[in-house]
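Chains here go by letter, A, B, C, D, E and F, matching the order in which they are written, and residues are numbered from 1 within each.
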C-alpha cells in the first residue's frame, strides 16, 4: 500500500534527479530506498529533507553508528515500522554490532516503561533538574 | 500535581528502604529523585523497575552517556517532560557535552520529521531491509 | 495556561447549561471540572462528547471502576496529564483500591516496554492471532 | 490480519444495516469500507461513531477538503496507516490537489520536528500565549 | 519483515531454552509466539522481560482478563498492531466476552477523543485532583 | 523548567542574531518566543529549523491560517502543550475564527477516536485506497 506511487528513475524531475545523485554520492551506493522514491513527487521537500538528513547525520561529534541508533530509538517510539527497518539496516552498515543492537532495544523498552510510570504518577520535576 | 504523594524517608517500607539504599550506593549520591519517591508506594514495582534500570543502564557495550542519550530520545518521542529533564541531567553527569546534546536534539527532530513523512506516504519496506 | 478561557456558570449558553445540569445529575455532584468549562465554548461538541462519555462509561458489562482504569491506561499512553489526574480521581471515587491502582500502573509500564520491543524487532503477527 | 471478522451485508444486524444505509446515502456511494464492516459487530458504537463523524465532517465553516486534511494530519501523528490511506482517498475525492497534499505533508513533517525539539528543550510557554 | 530472524527451537541458547520452557509451563501450552522468538537473540532481556510479564500479569488483585484488557488498551494507544492482536487473543483465552471486547474498544476510542480535546484546550488540572 | 537556559539578546551568537533578525522581519513583530531562545544554543539547528518553518509555512497553495490549523492538529496528537499554545496564537493572528477553532478541535477529537478504533480492530486497508 502507499498513498503515492513510488517514482522510477525515468519519472524523476530534474531537481529530484539531482537529489538522487547526491544521495548516491553521499552514501556511495546506487541503491535509493522507497522513502525517497515516494517523497520525490515533491522535489522541494525532497531536497530540504535530504539536506537536513545529510547535515544532521553527517560528520559531527557523535559516531555515525550512535547517530543511527538514536534514529532507531525515535522511530520505535513513534511506531514507524519502515523507519525502524531502514535505520536498523543503516546502523548495521555503519558498524553497529548485534550486542549493541540488543543493548539499544533493552534501553528503549526500559525507557518506555519508566516514561509511562512517570506520567501515571504525575511526579513533579525535581528542582535539581532545572538548569535555569 | 501528582496522583500519589511523594514518600519521605520515614514513610518507606523496609523493602522500599532497601531499594533506596541500592539507588544511593549505585549512583554514589544521596539524592533520590521524585520518580522513585512516587513509585515507592509499590515496593514490588519499585524493586523490579530499579533492577531493570540498573541492569540495562549499567556496564555493557555502549558508553554510559550514549545510553542516557538514547533514553532521552525515547523520552522526547513519548512526550515525557519529567523524563527528558531527569535523563538530560543524568547524561550531563555522565559526560555528555553540550555539543553532543545539540547533535542529539537535531537527530531526534530530524527523525520525527522523516518518521511522519514515511507514514504519510505509506512507503512499503524495501526488501533489502528484510533480514529473514 | 489554556488556549480558551474556562467559562463560569454565568457565561454558559443555554445549551451548555443543559449539559452541565446533566453532568451534575448523572454524577450526583455539583462539581464540574475544568475540561467541561473549556469545552463549553462549543455547545455542540460539549453535548456530543458528554453524551458519548455518558453512554460509554455508564452501565454496561464491565464494572465502573474497571472502565475508569482502562481510561487511565489510555490517558497515560497518550501522555495526557490532565486526563490521568481526573480519571485517577474518578476511578478512586468508583472504588479502585490503592492495590488495584498499583497493579494497573505495573501493567501499563510493562505493556509500554513490550510494545516498543515488538516494534523494534518487527515481529510478524502469528497466524494463530488472525481471527479471519 | 484483524481482531474481528469483517461483516458482510448478510451478517449485519438491523441497526447496523440502518447505519450502512445512512453511510451510503450520505456519501452517495455504494462502497462501505472495512473500518465500518469491522465496527459493525457493535451496532451502538457503530451508530455513535458514524453520527459523530457525519456531524463533525459535514457542513460547517471549514471546507470539506480542509477537514479531511486535518484528519490526515492527526492520523499520521498517531501512526494509523489505515486512516492515512482512507482519509487521503477521501481528501482527494473532495478536491485536494496533489500540490495541497504535498504542502500538507511538509507541514506535518515540520510540525513533528519542532514538536519534538520543544519537548527536548523544555521551553516554558510564553505568557503571550496565555489567553486567560 | 523483521529486523532480526525468528529463532527456531534448535537455535535457542540454553538460557533462552529455559525461558521458553517456563513460558510453556506457565501458559500450559506448547505454542511460543513470534515476539519471544525474536527477543530470544538476547537471553538477558528475554529473561528479564518474561519475568516482568509473568510477575505483572500473574495472580494479583485484578482479574486476569481485566489485566489483558488494560494491556490491549495501552497497545492500541501505542499503535502496536502485533500487541493488539496477541493480547486480544490472550484476553479471549482468559474469558473476555465479545460484549466486553466491544465495551473496551468504545472506552479506548472515547478516551482518545477526550485526551486530545483536553490537550487542545490546555485545561489546567483542577485542584480537586491533586492528592498532595 | 527547561533543559537549557533561554538566551537573551546579548547572549546570542552572530549567527543566531541573524536568524532572530529574519524571524522578526518575516513576522513583522519584535517578539521572539521561548522556543527560538532555547534553540539558539545551536545556531546551525536554529537556522535550519527556522528556514524549514519559513519555507513550509510561507506562501503556498494553502491559506496561512489553514497551515497553522494543520500544525495545531499535529501538535495536539503529539501532546506538545507549548506547540498547541503557540500555534493556536499564530492561527488566530492569521485569521482563524473561534468557529473554525471549534471545528478544528472537533475534527481532531473525532480522528483520535476513529484512529484508535481502527487499530483496535486491525481492519486491513481496502484495495480501493491503494494508488499503485
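Before moving on, here are some points about what is shown:
Everything below uses one rule, namely that contacts are C-beta pairs under 8 Å (C-beta built on N, C-alpha and C of every residue); 3 or more make two chains touch, one makes a residue touch a chain.
The model shown is predicted, which means the values in this text are computed figures rather than measured ones.
Both chain D and chain F derive from one sequence, and where they touch, over half of the residue numbers involved are common to the two copies. Set against the Cα centre of chain E, the chain with the most distant centre is F. A comparison of the A-E and A-F interfaces places the larger number of contacting C-beta pairs at A-F. Here the spacing of chain C and chain F, counted between their Cα centres, is 26 Å. Centroids of chain C and chain D (each the mean of its C-alpha atoms) stand 20 Å apart. Counting partners per residue, chain E has 1-4, 6, 44-45, 48-49, 52, 74, 76-81, 84-85, 88, 105-106, 108-110, 112-117, 119-122, 125, 129-130 as the residues that reach two or more other chains.
Taken as a contact graph, the chains are fully connected, with every chain touching every other chain.
Residues of chain A touching chain F in their complex: 1-6, 44, 48, 52, 55, 125, 129-132. Residues 1, 3-4, 41-42, 44-45, 48-49, 74, 78-80 of chain D touch chain E in their complex.
The touching residues of chain B, when paired with chain D in their complex, are 72, 76-77, 79, 81, 84-85, 104-105, 108-110, 112-117, 119-122. Across the complex, chain B meets chain A through its residues 1-4, 6, 31, 33-35, 37-39, 45, 49, 52-53, 56-57, 60-62, 66-67, 69-71, 73-78, 80-83, 85-86, 88-89, 97, 99-100, 103-104, 106-108, 110-126, 128-130.
By the touch rule above, chain D contacts chain A in their complex via residues 79, 81, 84-85, 88, 98, 101-102, 105-106, 109, 116.
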